[in-house]
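Would you mind keeping the following structure in view while I ask a few things?
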């Protein structure tokens, strides 16, 4: 067994955060929980970045702080992670704003319900029939419409109906 | 050139005798006397001598012309003893197709009559043709393949080379049987005469044929009987070494289906097809299999 | 600029002029003249007898050279193409075009589509390598699609079906070309030809499946035949004639290139189908034979004249391939010659049927009848056509079919021979139904006032039927083309004479045959008109009906389910297996489509992301 | 209507084809044809009543009509003899007339049984036509109820003899005195009576027109007649040349 | 600020302008809102003006400097420490395409799209604000995507990518309908999750190499990244950047967003943004991850994208969604093409990508009015004949009908696959051919429906949309006619794009290194 260093623990922790967040996103049924899971995952990723520049025993890379000759932690990832955090927060804020609006329109944040309502909404707006929901009961299907040619006589003695022209294609059973 | 005139003439005369034979056989089988010697001729003369003739239009008339003319042309493709006619130029396949022309002509003529009975008759006749032509072409193929030629002259020469042993019927008995079976259907004799069916569809194709129209069909019948007999003779019985043996063979060939015919009622159309596709066709294919392997 | 360039340029010019002036009344006549010019230019190329004529245009893309040239085979097909274009444009040029316009369609679109078809076909026929062949192929496919779709309505649906088939076929061809390309590193005929011999049997089978299958779609060979009838039948009149006459034969042309010119009959014969005693050649011949039989018997069931003929078009293609697969001099000549004879026959037949549609407004065989009294010349054209289609003497179709039969007999192929005859018999049955239900029998009361087709439509029809008869009587000149094509393909040329085929083991001389047939008809006429008394034509209601009084409002005609007895027997044999197959395929696509849709509609996509990430990571570390 | 009923049959008896023609060849053929006509008779039996029972014995092995050249046929177009074998109801008569007119001439009518002669046991029936020869010319009546096959054959032989001698031409009578027969038919069936066969046109076409072919009854017919001209097949070139 | 950019470099005067196409829109975007308060007209004019300026600058750069790649170190800090812009032919081409397409699909007064039908009437002021916001977002998108095309630093790429993402969220959600917002949210979640993974991938890269400069990464990659960990990093970044590039399976947002967003925004997203994301992935693939596993991942995911996208499109019932699914499929082909590698693969990928850029944008342009169900399109050719004809042209090119560019693009892909010829490639080839048939089927089902008779067809196109589509159609036709020059340009671009050594050489000129 390899011994765990601090780095190793943090690394595992960072990866663990990402995995927890991802799993949370994947299995939660509520949009806000999803968002929270995302926040978790993002923290994991940020931690990972910070970790990538970390050296054991090194000092913080701040001028005039500590021993300037001592080994410093790589400053670049720390800068990067600042950016990443900012971006992450921005996106999360946007997401929360969107969630508010969504809740106002549809009255739910449940993933499945929301998906079905949105599908119906999109279908209505486009003027097409919505696909049946995956969760909709299978019963109550309308009967198939009577085929058009069934009501039109196929000719022959004494059968006079409206005569379609050009006539229906008549591959009976090729 | 004179052959080309003599051959149809001979065919007609032989055909008349065959019609008589057919009616006599029927009468004898029914213990009747049967018609007098020249009855077929009187019928034809009477029909042409009718004073009012009902035509349904030009195609009605041309149909009869085609029916007669097709057979007149076809018989010149069948070599007679001493006369080869056009057998060199046509050959077996052309002959088989030539013999479909009268059917087509008749079908056109009947169609023009605007009588559904006739149309039904033609539909049945064509269906029957679909049935019997399959064993027929199997037989034709077998013979042509066996002798390596589609020229009837060469086929006859090959058969006559070694007497009875080289006759088609001796070399290819299965095909000969299939051919005979097919001929029965080809002649439209019982049990394969559903397309005439007098009581049901009023003789089918002939329903609107009176006078010279019917007379033309009577003439066609003479040719048809002759053509069927002669074709079979040429393919399986070694053709004619001389006129005597030729006539004997031809009459004997035609007599067989005639004798069978009057013993049977008739099959329905689909049963005709089923029967003919099953037995003669299978036997014919078996015969070809024997030939090839 | 070579003579081939001139030809293609004039063809392109035709297309351009139709685009510009197609709206004008003169357009039709202009098109006729231009097709005639193309025909003359084609005659001048001399590709038939001399060396192949190359085009000065070459292109190279992705290091693939493309060039175009005409040899005898191309010339032969191009001749039929332009000829068909000529007659069809003539048919369309006059009254038809005006009617078409009145019905709310665009004659310009039609003329453009026709010209585009001719042009693309000429390009295809000139292809000098496999890439240009493929490009030509696609162009032809889309041009036909255009012509099929101009009708609108049901034609659109049929065209779409065609499109799916053709495009799938095109993609299969592309896959096959890639196979060739990877194996030979080139798509040039000559180079491919020299390297094809090194392919293993498995690869050749794959090639046959992909490329042959793709070409077979256009030809309507058996598993791919479903699209053709509806697509051809619903196309507007002359367009339908054109498609029926030549369009599907482009598939044959390409198949000839593949099977005969590139692989060679010998190679096909040498390849065994695993677990059977058939060779590849037998297999293809049997596919051809089944293509003869099945569509022909489907045609027998149709009660729309256009559909009936279109189904026959599929069946007749089988004869051509069958003859080619027999491979001897007479057989391959028969197959090639049938392209020509069938082309003129089908064009004439469809024109006649569309002339009837023009006058009566319907092609339903149950709603017509007795028109011979009103449209006798159209009847004559149809009569010539059906005799030729059924392959009966003395018309052109007989000669080509005779050659196919003769070769089957000579090569000793009894089952194929029987199959071919079964097809012919089915053809006879259905063409009789066609002519009977349209022209014979009782004239319907609503058709009392119908007149003969207009002259502008009648003339090309009569021209074609004259051609059918002349070629039937003296097939020699046309056979000389076929012989030249055979020579260019490396097949033994057929020994032809003016009247037919020279063969010591049973030849054919149509001059004699037709002579004696005419003489026979003369004798028949003599007997009939000379010996019989005077006849009087009677009204159609003066008819035997078992003593019943007929009236005009009651139909006294037998048309529906014409071969009732036969259908009693073979009706249950129509299983619709191919239709079922097609439906199954469509259902598979629909199912896949639904599954994919479901994927994109899934509520928790993050799961996919996670799963993929895990899968990829697992992959990388594995 | 009363007028119509009274219309007498005015025409003279037909001049029997007397004497031989001057052209011997024509005579030969005439004789030949007449002989053939007498020796080949196709009958259409219109089996309206019990008389039909006696026909099968006359055709089958006991009496065998075929030895005389007589055969049954099923369609009027093919037949020479119309056998009316029993009582003729009004409804049946229409069909008999229709059938008769559709037969090709020379044609012969044989009335079998008493019913065709005078109505027989149906004399008092309101629905039965009593005398067949009011409506169409009858060549031979074979009386009896029913006549035995011997009688039938005897009748047929007499007809054959008449034909051979050229005496059996009552079919011409129908054309020449069409007005008379039509009158009787109209009396029975009403004035709108019309058959699909254009007898007058046929008479004109074959030169069988007689003085009494036309008359008051045919005039009445013409008022109601639906046209019966055959559909002529012709190509009108000038019309074709004209646009459309 | 611009003067600061002056670097002691050979291309001082002009190369410095490279930063302008990123900076100008960014500036304009932030100025937009205050400007709108001052003058509506000015605000309205600002966006197009900036875009024209950007396009002009980029075009200038391309014409004068486009032959050889060059770099621009931002702020004068030399790589690897400094951040740099890298411009080769392809980068400039895309940098040019961004403002041009943004201009073409500038969301103007005709607010179409899924929202067009029911956009709520608001007050004038609200409308103006809305317009300003929208314009700002588009400009932001332009800046970000241009940055994606030009950036030579991995983290910068990430930043621009996020910026583009945020801008597109805003644009999609702008229509304000509930469904657009839900779609945006779902898009956002996938995108953010993808970013997390990409970030993790970047972190791994940094751990392995200690740099994020693409040039340096390319130098170090053979030793440090040609191992499972490197591949894992690529996999993570592939998924991350794949979200925008519509890579399977992170593309589930596509149909909803394109169906919900205004059609012009969809045109930008489907046509332009996706291509830039693809470019990023290709850069990574070419420079840092030449190992076969990376290409294989791309190939497999590409094939899956092709299959799912085109099959799903077969069943689509409304026009934008059909286009969306088709877009997924086409991008799958793009990935497959790039996975082939080598010059032919890059050429094929570029060709397909550019073709798709033109065609799909134009089709979404048509969707501004044809935004409803496919059923409702019956007879549309009567009201809008040019639109229908254009649809047919684009459909033909999309399925690959010979003389049109789509065919040559597809042919190149197929030839490339066939030449490599591993079983996986053959599978990909067959899949592409198979779905092409499916594609033809559903596209021409629509085409035929357009030409049906229908007494009540949909409204005709606005002149502007039609004009844009016609322009793109003309480009397509011109490319058909000038196939050879286009192929040459693309070939040269592909050669540059694939030239890994050249990239390193450009970023770290060897004569400089030699002098040191």
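Residue numbering begins at 1 within each chain, and the chains themselves are lettered A, B, C, D and E in the order written.
Going forward, contacts are C-beta pairs under 8 Å (C-beta built on N, C-alpha and C of every residue); 3 or more make two chains touch, one makes a residue touch a chain.
Keep in mind it's a predicted model, so treat the numbers as computed, not measured.
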Practice prompt. Name, by label, each chain that touches both members of the pair chain B and chain C.
Written response: D
Worksheet item: Which chains make contact with chain C and with chain E at once?
Response: A
Worksheet item: Most central chain by CA mean?
Response: C
Worksheet, complete the sentence: Taking each chain's centre as the mean of its CA atoms, the one lying farthest from the centre of chain A is chain D
Discussion item. If I count C-beta pairs in contact for every pair of chains, which pair wins?
Written reply: B-C
Fill in: Between chain B and chain A, distance of the C-alpha-averaged centres to the nearest whole Å
82
Worksheet item: Taking each chain's centre as the mean position of its Cα atoms, how many Å separate chain A from chain D?
Response: 96
Worksheet item: Distance from the CA centroid of chain A to that of chain E, rounded to the nearest Å?
Response: 21
Worksheet entry | Distance from the mean Cα position of chain D to that of chain C, given in whole angstrom | 56
Worksheet item: Which chain C residues sit where two or more other chains touch them?
Response: 153, 370, 372-373, 376, 443, 534, 536-538, 540, 542-544, 559, 597, 606, 609, 613
Response to the item:
chain B touches at least 2 other chains through residues 49-54, 56-58, 202, 207-208, 211
Response to the item:
Residue ranges of chain A touching at least 2 other chains are 22, 25, 34
Worksheet item: When you check every pair of chains, which ones turn out to touch?
Response: A-C, A-E, B-C, B-D, C-D, C-E
Worksheet, complete the sentence: Listed in rising order, chain B residues that touch chain C in their complex are 4, 8, 48-59, 61, 64-74, 76-77, 86, 89-94, 97-98, 100-101, 104, 107-108, 111-117, 119-120, 122-124, 126-127, 129-130, 133-134, 137-138, 141-142, 144-145, 148-151, 154, 194, 202, 207-208, 211-212, 215-216, 219, 268-270, 273-274, 285, 288, 292
Worksheet entry | Residues of chain C touching chain A in the complex | 153-154, 158, 226, 229-230, 233-234, 294-295, 298, 301-304, 307, 311, 361-367, 555, 559-561, 574-576, 578-579, 597-598, 601, 603-604, 606-607, 609-610, 613
Worksheet item: So in the complex, which bits of chain B are touching chain D?
Response: 23, 27, 30-36, 39, 41-43, 45-47, 49-54, 56-58, 198-199, 202-203, 206-211, 213-214
Response to the item:
So, in the complex, the side of chain C touching chain D is made of residues 95, 370, 372-374, 376-377, 443, 451-452, 454-455, 458, 534, 536-544, 547-550
Worksheet entry | In the complex with chain C, residue positions of chain D that touch it | 75-77, 94-96, 98-99, 102, 195-198, 201-202, 205-206, 228-236, 239-241, 243-244
